[in-house]
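Pasting the structures in now, so scroll down.
In the two assemblies presented below, subunit A is common to both, partnered first by subunit B and then by subunit C.
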Partner chain A sequence: MICRSACCGTRLGSSMKAITFTDVSFRYEDEGPYAVRHLNFSVEEGEFVAVLGHNGSGKSTLARLANGLLTPDEGTICVFSTQLGEKNLYDVRKNVGVVFQNPDNQTVATIVEDDVAFGAENVGLPREEIGKRIDFALKAVGMEEYRHATVARLSGGQKQRVAIAGVLALMPRIVILDESTAMLDPRGRREIVDGVTRLNREEHITVILITHFMEEALLADRAVVMNRGELVMEGAPAEIFERREELVTYNLALPRIGIICEKLRAGGMNVGYTLDAQELAKEIAECVS
Partner chain B sequence: MKDVSFGQFYPVNSFVHRLDPRLKIVFLIAYIVAIFLATNFYELAACALVLLLIVFFARIPIGKVLRAVRGVTFLVLFTTALNLLFYKGDTVYWEWGIFCVSFEGIIFSVFLALRLVLLVVCSSMLTYTTTPVSLTDGVESLLTPLKWIRIPVHALALVMSIALRMIPVLMDETSRIKNAQMARGADFESGNIIKRVKATIPILVPLLLSALRRADELGDAMDARCYTGGDHRTKYKKLRFTWRDLVAFLLGAALIAGVVLMRIYLPASY
Partner chain C sequence: MRIVAEHLSYTYNPRSPFETAALKDVSLTIEEGEFFGIIGHTGSGKSTFVQHLNGLLRLPSSMKKYRPKKPKKGQTLPPKTVLTVGEFDLTDKKTDFRALRRSVGMVFQYPEYQLFAETVAEDVAFGLKNFSETKLSEEETAAAVRAALEVVGLDYEEMKDKSPFDLSGGQKRRVAIAGVIVTRPEVLVLDEPAAGLDPLGKREIMELLHKLHREWCRTVIIVSHDMDEISENCTRAAVFSEGTVRYVLPPRELFCHAQELTAMGLDVPLTAKLVSLLHERGIDIECDFTAADFCEKVLAYAAAHPKKERDEGGEA
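Up next is the complex of A and B:
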């Protein structure tokens, strides 16, 4: 179905819109509070966008709306040139992969390759093609050696990489990570963030990274901040983190390096506010000497 | 939790592992029938020998096999005790009220205990050597005729494989909840049996809630990966009947035939 509303199918410059939310509102219960309210938001194809927000800000709802797990009460959502509706959910989901928070709750099979194959089997691909997809997906997340391993025996970060591979096997053009790093240790988080950054740069997959870890947002092309279901800030990550006072009102902390700058300044050291570790090191060295 | 081995796949690449899951399932059923047909120790010994061969060819460590038995120790001891005390034999050693211990009773209860152990070991060999996915495929394939009477075979098979896959996750969860309740002063170890059963409620309720929450999330994750039921699905791993399966089939058939023949030609005594 080709979408006829103004939001879809339009090309801005050379790039195409991957996802467009037009005036989208959603609430989980009638009469309840809105989880997402009059949201206007779009992502370009090939872009890496971080969505920030504290708990209950509506950022996970955004992920569920984007691939049709939830249907908006008002407004329209377009994925490439298709407007999401009952009939095309299946086709849209092939293009929009979602990785959730808890790796244990999204693995269907016991063995890594069987789980990765699940999505590809669902869309009825021939056997040889599924095999190729498994090769591709496991390679993309660096888990080739674990192909025949038992999922339960892997570390949290590895399990989550398998979950990403399971989504990649469908060859989506957009991958949404819905707080996929929240339950992992720092090392696991690193593995995931590096992995999706590579996917974005090398495979040109559009990435929407939903997180409350500010460090992860630094890698994105663009960051948006959500608060009470509304989009309240938008811009390059460095730009967003410049607006410190504003972030605090949305219950968000600065990235660690920003906190260090603030503390140093509060302690009387004359350093500028920066998110670049090398620059900060240089400034500290100057102050000390 | 260390003891969760029943129902868990043990990954080595052995002859038995590579057999067609359908064959293994059918063999398990035949084997169970054979142990229940067996009425004397010769026949049971024949069954045990076959099982030992399977364990050997499956390259499953003996410790693993014994662990499966350990899970049912209580059940085995309980039934053995009942049989021992209530079996009415001729050569009575000890009698008190309705209880009596006789020579025949001892033999009979040992026999039943062995039967139970063989049953458990053989069933766990199926899950040790077969990944849940191929087990599910096997069940699905064997149950295909039921599709004609509109039984959702694919869905049932999927439910089964997810249940198997969730065992370690839920076991972890159980021990976590148990520790959490113990940290708040819950007592699971003392008191009579009724008190102990009651004490498990604070474990079961949160476990059930979390299982439901997990199910919900898993459902979403499956939806997100384009799951729409079994109709348009393809299978990455096709079941194939190979020479290995033929060999195993012949061996299995020989076992059943053997037990039946022994039953006919040997006197039915212990």
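Up next is the complex of A and C:
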């Protein structure tokens, strides 16, 4: 179990909000278009939320707003009922860990354990505590055998897991993955998605997974779709995928299995829209003798 | 240009603790005009192989020198290494590598990270200026840059004076590709051309590659992890594993070996997964593993084997 006494009083209310965006707007340039516009969005503690959207839909801006890398032009953001402001930025960041897209841009040390320790060292934790946290973090991402390995010699998926471990060493209560799987091969992607799913289920860490792969959103409790800085769809992942026409209007291409379902239906075969190959095979089998 | 590799081996950091044999006796021929796929797990040697094609990695120059002319008694000569790209013999160090690089374009992974110039036009022209034999006039350069930008779907007038860093991700990647094809290479090699793009961006890039294949470069070679991409697009694909080539087959035959591929830690396309799942249920579908053909065959199967309730029509 994760020790949360280090930061923020533990208030294990049944449905505490982890992050709340209230009417948040943000734009990168004064006269430019809004990257995020009048966004109202909240995540419960312990929830696993997937944020979908095409490039430029504002989903990465959302991640950067959530841990104070960007400050909203309008509206407020609360993390565990603390309103984000200049004074508490560092405290909030201990609670909200963000993992970015490119693994090579996120590793700072040459040896895995040093890299994982980097964040924890920066907040000035005692030495023994850092050791414990490295143990915990590497175990959580399944990289304990690589503790003394050279970061440069790891695969992309492994590096990304080290980056996640570095975030976990700060024992955040929220982990945001901002397209952290986009640069990985299919196996690396699965490693990461399985890893964070486990963190969510076993360590009860709130996970926000930002992605443009619909398949990855399947494991989430809830999925939201962003388009032009606005939240346009929300619901259980399976429900969202049923609303195909709508998804297409938001420039989200269907995953390949969705295309196959669609073609089979167009050909008169009565299969449902599923994202699971097993399920589709079963349905096809039921349609033939 | 036909690419022939025979008995090609390559070792990184030879005679050191980090010695790794990346290629072991690889033989592979890529015909002119193919849309060729190269598949393999991380560390399988696929990038090492591809980097040989334009001489970024070269065979050790000692190879020819120390090769015994005649076998000693009781010894057999090791098989001769051959590596040719069209008329270029890459085992010969006298080969004109600059001319080779002009005709074999190489697009690395995430090519947009290699953009560097102040304007798009300068960036695209860089390779052209460096690889050309004679000094090009400004008009010639501009014409070539215009053609390259237009073929990748960007408007020359609109783009030329922009900073490449102000473009969107998809546009940056197109500019980077334009910077490679501007020399009109006959062979275009791309390492993970669609990686990191959203599904729509992926589709656009693959459409662009088909267009280039039709209009610009005779041979296109892609390295990819995405099996669906391979099955939908390639004429043939080579599977690398642990420094050797396991299969060189058209996708429709290759993905019949779903089990062996999975054992190598590789994925198979969704269609191949569905075919084997259906096979378990006693339904045998034969298709070329593209989504379109798979659906067609499944529907044909359903028509031939309708459910019992409406069976009266039979085979008609």
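Convention: the second predicted complex is superposed on the first by the 269 of 289 C-alpha atoms of A that agree within 3 Å, B and C clash if a C-alpha of one lies under 4 Å from a C-alpha of the other, contacts with A are read in each partner's own complex, and residues count from 1 in each chain.
The rule we apply is simple: contacts are C-beta pairs under 8 Å (C-beta built on N, C-alpha and C of every residue); 3 or more make two chains touch, one makes a residue touch a chain.
This one's a predicted model, so the numbers in the text were calculated from it and none came from an experiment.
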Taking the superposition on A as described, I'd like to know which of subunit B and subunit C A:L280 touches: first, second, both or neither. second
Examine A:A253 and indicate which partner it touches, taking first as subunit B and second as subunit C; both and neither are also allowed. second
For A:S289, is the partner it touches subunit B (first), subunit C (second), both, or none of the two (neither)? second
With both complexes superposed on chain A, which partner does A:G156 reach: first (subunit B), second (subunit C), both or neither? second
I'd like to know which partner A:G166 touches here: subunit B for first, subunit C for second, both or neither. first
For A:H54, is the partner it touches subunit B (first), subunit C (second), both, or none of the two (neither)? second
Tell me which partner A:A117 touches in the superposition: subunit B (first), subunit C (second), both or neither. first
Just subunit B (first), just subunit C (second), both, or neither: which does A:R187 touch? second
Taking the superposition on A as described, I'd like to know which of subunit B and subunit C A:G131 touches: first, second, both or neither. first
Subunit B/subunit C common contact set on subunit A: none
Residue ranges of subunit A in contact with subunit B within the complex: 64, 67, 69, 90, 93-94, 97-98, 100, 102, 104-111, 113-114, 117-127, 130-131, 134, 148-152, 163, 166-167, 170
Once bound in the complex, which stretches of subunit C touch subunit A? 41-43, 110, 168-170, 195-203, 225-226, 228, 265, 267, 270-271, 273-274, 277-278, 280-283, 291-292, 294-296, 298-299, 301-302, 305-308, 311
Mind listing the subunit A positions that touch subunit C in their complex? 54-56, 101, 155-156, 182-183, 185-187, 212-213, 251-257, 259-260, 263-264, 267-269, 277-278, 280-282, 284-285, 287-289
Across the complex, what residues on subunit B touch subunit A? 9, 11, 131-133, 161-162, 164-165, 168-169, 214, 217-218, 220-228, 232-238
